[in-house]
Every structure is written in C-alpha cells, then in structure tokens.
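Chain IDs A, B, C and D follow the sequence of writing; residue 1 opens each chain.
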Amino acid sequence: MKILAKNGKHHEEIKVIKREGPMLQVSIGNREYSLDVEKVEDGVYSVLHNGTSHNMEIIKSEKKHFYAVNTQYQSFNIEIAPAGSLKGDKKRQGDKNEQILAPIPGKVISIKATPGDVVKEGQTIVVLSAMKMENELKSPIDGIVSKIHVKEDAVVKENSVLVDVKAVD
Amino acid sequence: MIRKILVANRGEIAVRIIRSCRESGIKSVAIYSQPDRTSMHVRYADEAWPVGPGPSGQSYLNIEKILETARKSGADAIHPGYGFLSENAEFARQVREAGLIFIGPDAEAINAMGDKMKARELMIKAGVPVVPGSGRLTDDESQNLKIATDIGFPVMIKASAGGGGKGMRLVEKPEELNSSIRRAKSEALNAFGDDSVYMEKYLKSPHHIEVQILGDTHGNIVHLFERECSVQRRHQKIVEETPSPFIPEKIRKKMTDRAVAAAASVNYTGAGTVEFLVDADMNFYFLEMNTRLQVEHPITERTTGIDLVKAQIKIANGEPLPWKQKEIGKSGHAIECRIYAEDPERNFMPGAGTVLHITEPLGLGVRTDGYIYEGYEITVHYDPLISKLIVWAQSREEAVQRMKRALYEYKITGVKTNIQFLERIMNTPDFVEGKYDTHFIANNEEFLMKGENCNQSCEDLAMIMAFVEHQSHVDKRLRFNNGQSGKSNWKEYGRLHRFNPF
Amino acid sequence: MIRKILVANRGEIAVRIIRSCRESGIKSVAIYSQPDRTSMHVRYADEAWPVGPGPSGQSYLNIEKILETARKSGADAIHPGYGFLSENAEFARQVREAGLIFIGPDAEAINAMGDKMKARELMIKAGVPVVPGSGRLTDDESQNLKIATDIGFPVMIKASAGGGGKGMRLVEKPEELNSSIRRAKSEALNAFGDDSVYMEKYLKSPHHIEVQILGDTHGNIVHLFERECSVQRRHQKIVEETPSPFIPEKIRKKMTDRAVAAAASVNYTGAGTVEFLVDADMNFYFLEMNTRLQVEHPITERTTGIDLVKAQIKIANGEPLPWKQKEIGKSGHAIECRIYAEDPERNFMPGAGTVLHITEPLGLGVRTDGYIYEGYEITVHYDPLISKLIVWAQSREEAVQRMKRALYEYKITGVKTNIQFLERIMNTPDFVEGKYDTHFIANNEEFLMKGENCNQSCEDLAMIMAFVEHQSHVDKRLRFNNGQSGKSNWKEYGRLHRFNPF
Amino acid sequence: MKILAKNGKHHEEIKVIKREGPMLQVSIGNREYSLDVEKVEDGVYSVLHNGTSHNMEIIKSEKKHFYAVNTQYQSFNIEIAPAGSLKGDKKRQGDKNEQILAPIPGKVISIKATPGDVVKEGQTIVVLSAMKMENELKSPIDGIVSKIHVKEDAVVKENSVLVDVKAVD
C-alpha cells in the first residue's frame, strides 16, 4: 500500500528501504535518506542526518492521521494517509459556506458586519474577548455575510457558530 | 517585622514574589480560584487557601474574602502583585484598616495617579513635562475646536478615569472632533461611571520609556534607570530592554530626574514606574505612573542587581532605602521577552490547553520567570502570559544574540506560543539596530509574519518522522524504543578512569 | 576566523560551550560515544558524530578519531572542555599540526604546568611562593630525613608527573619517611612510568583558593579575581564561591598579582587557573596551574560579567583581550553547587539510572548548567556531575539565602542526588559564617549527615500518600485523575475582563 | 482488610473515612486528616492540609509494595501491606550471612580484608571504582569475613557478590 505524507498542498510518497537498529533508510519522492533515529522521550526523536543533529517532537493531532511535527525552528502539520485517501483542499474550496466559530470561550465585544455585507478574506467580522485579550475573528473567504448567530455582549462557548459567510463565485 | 505575606495574585508574579519571600525567611500564603487549584503558585507557597470560582470578580478581586483569608492564615502583610487589586486604592485602604501591611503606596498616591487629569495637574505643578493638552472638556464645541487647533491635529481624546483604551479616540480632522468627544464621553460614562474626558496632542512615532522608582517611608526617593518598552502590539508590551537604545545619557539624566520629581509630588512609597512618551526629537512627556510592580521589572533587577520585591518588603517594613542615588549603578544590557500562550498565525488568538513538554532555556545570562509545568492546563480565565524570558549580557549586541539562543532553546508544546514570533523580532533589522518606536510591529509586519525558510530536506525530515510515528503502531520495522542505544549494556563496560581530574 | 568548533567533550560542559558558539554564530560539532547517542550535547549541537564505544579511552580520548571527525565535519577549531584531552599536550600539538586551532594554551605551557616539579621551579624563578619542599628525591635516606626535618613534619610525598592522589603519601613521623618514599616511587612508576617524587610541607588547615587568568596571543595577561574552593570531599570540590569570604583585599591583590606572574612565566594564552593553598596566617603557596576551563568558571562569569568561553574563542582567533586589567570589575557574590548523581546516605555512591522528573530552579539570580533531561539515562561510564547550580546576589548572605531557595526548588527524581546534602551545607553555621577550610566536610560530618527534622504530620502525610498511590489501583475511592478540579469546565465561564491592564 | 504503612520500624494502620472529589478524610493510627488532594502529574500530588501546601512525588519502587515518597524536604521509603504481611527487620537480623554486592558496575581497586578478619559494621571492605569515583563498600554488620569472591583489578557487574561476611552472635 502506498503511503503519502502531506504538508499543506505538497505531498510525497514515503517508502522504507531498510531498518537496522537505529539506522533507517527511507525514500521520499525520488530522494533517499539514511537517518540515525533515537526516540529520547515519548514522541520526541533525535535524528542525525549526515551528521546534522535534529530534534523533533511529534504530537498526534485530534484530527485523524494528522501530526504536528515541531523541529528546532519550525512547526509542521502533516497528514499521513494511503495514496488516494487524502482530503484535498480542492473539495473544501467547493463549499459554498464558511462559518466563523469561537476558537475559545469568550464574550462577543463587537460584530463588525451585518447580514448582506460583502466581506474580504481576512477582514475582521467579530471581536471576541477571551483570556483578558481582544481577539479579532476574520472571514476565511471572500463572500457575503449570510447569517449572524450571536449578539454583542453574548458569552459564547468554544466552537459556537458566530457568523455564516457565503462564498461568492 | 513582616513574617508572613499573603500574595493576592496568581501566575508568574505570584511565584516570583514567593521566591523572594522564601529567600527572606518570610512565610508565603497563596490564594487561588477554583480552576487554579493545581497552579504553580499554590504548589510553591507555604500555604494556599481557596477564595472563589474562576471569574476574577469572585476570587482574585474579592476583597472581603481575601482579607478573611489573611486573618485566617495569620498573614501580617499583603502583596498585590500587578493587575487585579494592585492599583485599587480601596483595597489598599481596607488592608490597612484591617491592621495589615499593604505592600505598596498609600491609597492617596494610588488615587492621585489613577485619575489621569488629576495626575496631569500634579505633574505640571511638579515641573514634569506633560503632553500638550487640555483640562476637562466641556460641551462648548467652538471652545473645544479652539483647544484642538492650538494643540494641533491629530489629537487624542482620553477618559480621566480611563485605562486600557476605553474612552479613547484619535481625532485626525477638525470636523470629527466634537462627535468624537461625545462618543468618548458616553463610553467613559458607561465604563467608569464618569464622563470626564480631556484632550492631548497625539504623538506620531513615540517611544514608550519608563523609569523605575523606589521610595521609602522616610522621604527618600531614588530611580533605577529606565526601561524601553516600545515593542508593543495593540498597546500590549512584548519586548522590553534596558538601557534604552534610543535615548542619550543627557536625556536619561533629565528623565530620571523628572521621574523622581513626579514620585515626590505624591510622597510616593514603594516601587513604582513613571511612564513617558518620547518623541523623535527627544522631547519626553509624562504618560502615567503605575503605582505597583511592573511585569518587566526583572530587566531592571538584572542591570542594577537589586531585588525589587525584597526592596518593596523592606520599605513596607518601614526600613530606609539602603542606598543613596549615587550608589545605584547599572551594568550591561538586559532584554525581556514575554512568552504568551497565543497563536501568532491565527491573529494572536490566546490559547488554552494542556502543556505537554517544556524545555527551559538555561545557562549563562538567562533567567526565566514562569509558572507553567508539564501537565499543567492553561485555562481561559486569565491573562495568557505564561513566562518571561530575561537575558543579560555585557553589550546590547551580545544580549540580542543571547536572547536568540535562549529562544532557540525554549520549547513549549501542547499550547501555541509566540516564541517563534519573538525570534523573528530578534532578527528584524530595526530591532537589531535598536531603531524602533511604538510602531515597530506594524512597520515590520510583513517581515515578522513571514515563516522561516525551510529547505527541502527539512520538510522531508518532518514528513518522514510524522510517517515513522504514524506507522510505528502497525509496522514493527518502524518501532523505536526509548533507550535502545545499548547504553545500559553493561557488557561493554571496560576500564574506568580511577580519578576525577577536575 | 573560527566558523565551526568541534567540542571534544560531553555532558554539561559540552552543552555550555555549544551555547556560547550558538550566541557567537559559530557552528558546533558534537562527538559522542555509543552510550551518549541520546545525550543532550548531541541533541543540542548543530552536528554530531560518533567516535567510539563507551570507555573514554576508545572515544573521548581517541585522538585519531577526533581529528578525523574534525576533518570530516569541516571544523576549523577544537574546544577540549575540561577533563578528557584538555590538558594533554600531545593532543594540543596534533590538533595544531592538523592545521586546526586548539582552543587552549600551547603544548609547551601545558607540558610545563603538567610536570609538577618543573612547575615548582618555574614558579620559584617567577617569584611565586611555593609550598616549602624539595627537588627530586634520591635514595639517600639520611639526606631525605634531613630535608624533611628542615621542612618540618608532617610532609607530603608527591609524584612529579602525578595528579589525583596517585603517588601521594602523607608522612607524619620521621621513622615512616623512607618507606613512604619507596612506596610513593613504586606507585608513581606504575601509574605514570616515571618514579620522580618530591617532598612538600603539609599544610594543616589550608584554604584552596584559585585565580582565573586570561592571556591573549599579544602578551597581555589579566586575572578575573579568585574563587574559594575549600568545600571538598575527598579532594572533590562541591561548593565554590567568589569572592572568598576568607582573604582580605590586601591578600587578594597579592595573590592575583602572583597568579598573573605565574601565567606570564609560561607565556600563557587562553583561560587558565592558578591554584593556591592558603594557610590560616594568610600565607599563600602555588599549588598547580590548570591549563583549561575550570568546572567552577561560571561564578567568575557571574561576578565579572565576562563569558569565559567566548573569551577563549576570541583569544584562539588571535584577537587581543578587549579589556585592560583595571577595566575588569566584579560585583556582588556568586556561589556554585555541584549537583552529583550520588547517594550521600550510601557513602556518596554514584548512581546510574533513568531521570524521571526534573524541576529546575528559576527566577532572579539563578543559573543552571546541566545536561540531563526527563527520560535521560545516566550511564556508569562517566563522571556523575549532572548539573551546576550557580546563584548571584548583592551580598554573600543574600547569595546563601538564594542558594537555599534554589536548592529547595531543584527536584530531580529517578536517580539519587546530593541536593539535600548541599542544602545541609548551606545551613551549616561554619559555612553560613564563611569560616571554613578544606576540612569543612570532615569537621561538620555529624551535622551534614543528620536528616531533616520531620514532625509527625509530615511522616503521616508521606505514609498516607504512599497508601493512596498503592490503593488507587484497586480502590476507586482513591483514584485521583489529573485535571479533575474542573478547570476545563466551561460552564462556569462567566464575565471576562476586557483589557489587559499591564 | 487492615492496611499498614511502614516507614523503617514505624508502622501505622491507615483507613479511608470519606472521599468526596478532591477531599479525602483518612485516619492514620488514632489521628485524622482532612486533605485536599490533586494529582498534578503522573505520580505527583499537590496536597493541602489545613492550608499548608505540600508537593509529593510517589514512585513505585522495584521492590514490591515499596514506594519512594519525595516531599519538598525529605525522602521516605514506605511499604504498604495488609497487616501481618510486613517483612520485619527482625527476620533479616536472624540471617547469619551478609553479602557485599557491587551496587553499580565497576573495577575493584582494593580489598581491605582477608578471610577470617573480624570486621565492624560500617568498616570499609572493598574499594570499587565506578563513574570515575572511588566508592567504599562497607560491611553491613559486625562479623567475620568468610569469603572473598573477587580479586583486585577485577571488573565486576552490577549486583556481583564481592565478599561474604558472617555475623557474630
């Protein structure tokens, strides 16, 4: 079974060529790597590649088959799946509606749009106060505000739907 | 003599205060809200008592309950930390009425500095420069327009009782003036029950520079130099440093001198901070005085060597300051980065969650003041500040290098943090050169939000290791166990060196 | 210009050196023995290469393999750390022959100081006081007795090539003298292939005080003041501090002056330490010179503000020292405690094992230099030093208080450590008063080995919680889960404060 | 079933009176405690007792029913067992022979006794070099050295028997 790893829109096939103790030989796309891999803590690996030392922490995400990989300099969010099963971005782009959810519980400070407003991707729609900070919640797409589910001053729970935005084609 | 201090706070500052208590042989009493039962200040204090549920209004702001806890635990003093009740004159008054020592200034000084218009008047009297502005604005629209024109647009409308942006309005054009005043008044009335507003000149590219003050109960007031706090995002300080890379020695002398005068004008006792705005031409103006310990106090502790919490306690004990102004020196350069549980990639959304791993930066010139631990669950109830990283070095250049090294070492996972964003600040040319004002973040937004360069092999390795972790559950070939390297293999144990040569 | 440094060491000192490399923009190359594959220096360096199996002779002392690794990795310099090859003149020579920079002194200086008798002669020539003693001893028994009688009993017999106690004999009575010389010679021959021994006066209650030196390749030599290292157990330093609480300023001046003369006599370059014994009458005598970085160098870094590893690198780069002697100041007081994986209750037996939990002490004035992490397995192959805890404060009294606080916070479990033993040192009156010599541990053994007082409730609680943990597996009533306190309970989430007031 | 906790020679019976959420009421001997118990990490508890804050780490020992309890100031080694099942020190004192074992792998530097020597409890019998340190291994009892199993310079493994000491009554 072919296995793919996907980082954003970029995906590659990964194959194990050989494993001997800590030495792992693997191919990704058409490139081959010989790695010296040691698990130093749960989910934490020390990887030596041609002498270069990498520390990597790998955390299983709540989303199935997704892994957060933290390296010394960066964070990746990588999906691992058999070829063909990856959820493409394409599909999601076909959705006509997007929702603005409350990422954490908080209080709605202000709503910066009214139904029917044309909004741009990244435009602030709701200001939510949480953890003593004001947080701007933005439209994920270019579209039209189709419904507003909350009022100003409302206290909302995590993942409450606040606003619907309908995509314009 | 203070023997037992109740710390009316939580988080890193509660831990930090308890540390100085412990070093001074003073017992510490923590208070906690229900969700803070497992918080570090509870675990670290000698005693800990519950004061109510999560919302601060019912716990950390519950004066009655806090005073009751002080009585019950036999505390003889209360340290308010910063935030919460630290600048609440009523609390200071009630603590003293209860026969306890309030580790902070008099209620009168808190009141005087808490009312912005009153503070302005006091400063003018004390010869401390203030931003050109008005007294209390009336409803006389033509008079208001005249004042604004004299000051020069743009102007800021501010609420006298205000703070944190409420009742504040920036007015760029004359035709917007009076409607803005009306809106500010109504906002101020709603927020503070007082519709007094005044007008100030709006400074375009100011520096936010503050001076640390200590005053004792014997009339001595000294300063501990300045802190440069211009790296701010939406009025939230992120990085502070001392000395300021901006002001020359001559201005430093003038500012610290005026800061002492400002504190003297209210017979200030304890630790306090006089905040100034400094314009591009080195004109400085009194902004406000914070009548408490400041979040960023550790950088001053590092360059002056003075433990500010111990100094506060000694002052509260009635002891005179142990140094004269000329005996207070500073050396080297210190920088603080505030570590927030927030996600810079999602518009700095603060995040709650369980901390999985922490690697603290250690070694030469590094201090961290934090309160989270592995397994700790950050809650949504409070400020997302989880730690402060302070470095010191002989020069500013070395301090920036050291901060980069420390940020590189600092790993917190399980919750999103701004650590990588701070690393980018340290790499921003304007910051590296020390040429920045309060618009730094906005001016460098593109650079700051850009991800690190990742070459193909770095992405490849991340994908491979995600694959390894994923497959390890089903494919024996990819199972790696802790400690497989054979270091426990006694068989290879051979000749040992007999003596430790060090 | 040095761009990449191979660190020919392991453990905390390798990590510490790599930190300064990282701050200087220099790439670091770690080497590791097989059981050290997961050690922190391997994980922290930019590169890491294996050099052999566990025993040092086949890895960290394997000159050929280390030089090969330097070539392979493209390193242009080698830092030897302390121990291992750091005082091996042959290694220094071969590194330079291979066209690499050795971060340390010339092979000649290492050689001169490595031969104790030669060093004695050099010091006498340079006007540095040495312990009254002899040249190389012959087999002429009556002559030997005359020398010993002139010096005065008791005397020490020492091997010229010696170190660490081998070939050393304390002689208290004349009748034991010549048999002791014979045994010392035979031991020295066995251990070092050289039977040269000499005699020294035995100092009864000496202080062990050393002076930090820096010399550049342009003939400049400065000192960075002294370190008091008299808290020792079986010649193993445990606690060091600076300044010494024992010597007055006048003696400090003389000692540091003589230490510079000692270093100048061998045209010393790099960082080095001149060790003195100081008797109760403040007479000081040259003991030896360590031609490398010292374990306890961080206390000097803290009081002088100078990063000694960066200074070493700059000197190796051929740069002149950036300060003149009079520009080097010191402030406050620093203390270091060495954290060993050993069990004081089992005669300080060093222990191997897996580290379960670490809580590092943090906050004002605290530095730790360590290398273990949670899950790391300490092996039997190497020195049991796992961390160094360094504190600084304005005064010695405050530094002792801070060290107690830091030791209180320092929790390492899974392996036995000497942390509680160090806490008892900090509570020993002789230490608190700064009145101690190298017999401190022996003189205070009873106090130091005594357990802490435990009242009944403290023992009761320990028994109850062991019971709770034991029963939790079978008795639902005693099962406690992480995070049960309801802090994740969003239902109680109420009014939030809108603004961050800090 | 009665359950005892034992610290050295001191043992007490422990009974749970009541548990409600984090609140635990328990008796030990004739003393009662009301404790607020929170597990903060695996094996780490925060315990509040009349306002006093205690952190306790409890590590299961390799020895069955034994727990190392680390408090802020001290370490305890506590055995938990049904009443009557405790291994008494008495029994061990009845043993006629004690062995000196190598607590860690190392090299025997010197043996300070010969068979037949009368030795005191705490007297150094073997010097073992390990982890770059010399370690003195002492006689656990007053007795007579009955057998020496190793020679100087021997490299020994963990738990190797080095010397037998026979008790004198």
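Quick notes
Simple rule for what comes next: a contact is a pair of C-beta atoms (placed from the backbone, for glycine too) under 8 Å apart; a residue touches a chain by one contact, two chains touch by 3 or more.
Just so it is clear, the model here is predicted, and its values are computed rather than measured.
Chain centres here are Cα means. That of chain B falls 37 Å from that of chain C. For this pair, chain C with chain D, the centres built from the Cα atoms lie 31 Å apart. Centroids built from CA atoms put chain D at 50 Å from chain A. Averaging Cα coordinates per chain places chain B and chain D 47 Å apart.
Contacts with at least two other chains are made by residues 22, 38, 40-42, 44, 105-106, 130-134 of chain A.
Each of residues 37-38, 44, 236, 373-375, 380-381, 383, 408, 482, 485, 490, 493-500 in chain C touches at least two other chains. If you draw each protein chain as a dot and join the dots that touch, the picture is not a line, a loop, a star, or fully joined; it has some other shape. Which chains touch which is summed up as A-B, A-C, B-C, B-D, C-D. Of all residues in chain D, only 3, 5, 7, 10, 12, 14, 16, 19, 21-22, 24, 26, 28-29, 31, 33, 35, 37-45, 47, 49, 54, 56-60, 65, 67-76, 78, 80, 103-106, 130-136, 138 touch chain C in the complex they form. Every residue of chain C that touches chain A in the complex is listed here, in rising order: 29-30, 37-38, 42-49, 72-73, 373-376, 490, 493-500.
Only residues 234, 236, 341-342, 346-352, 356-357, 380-384, 408, 411, 413-414, 420, 451-452, 454, 456-471, 475, 477-478, 480-482, 484-485 of chain B touch chain A when the two sit together in their complex. Residue ranges on chain B touching chain C, taken from their complex, read 15-16, 19-20, 22-25, 34-38, 44, 53-58, 82-83, 87, 163-166, 236-237, 294-295, 298, 301, 305-307, 331-332, 354, 359-360, 362-370, 373-375, 377, 379-381, 383, 385, 393-394, 398, 401-402, 404-405, 408-409, 482-483, 485-490, 492-502. Chain A meets chain C in the complex at residues 22, 36, 38, 40-42, 44, 46, 48, 51-53, 55, 105-107, 109, 129-134, 155, 157-158.
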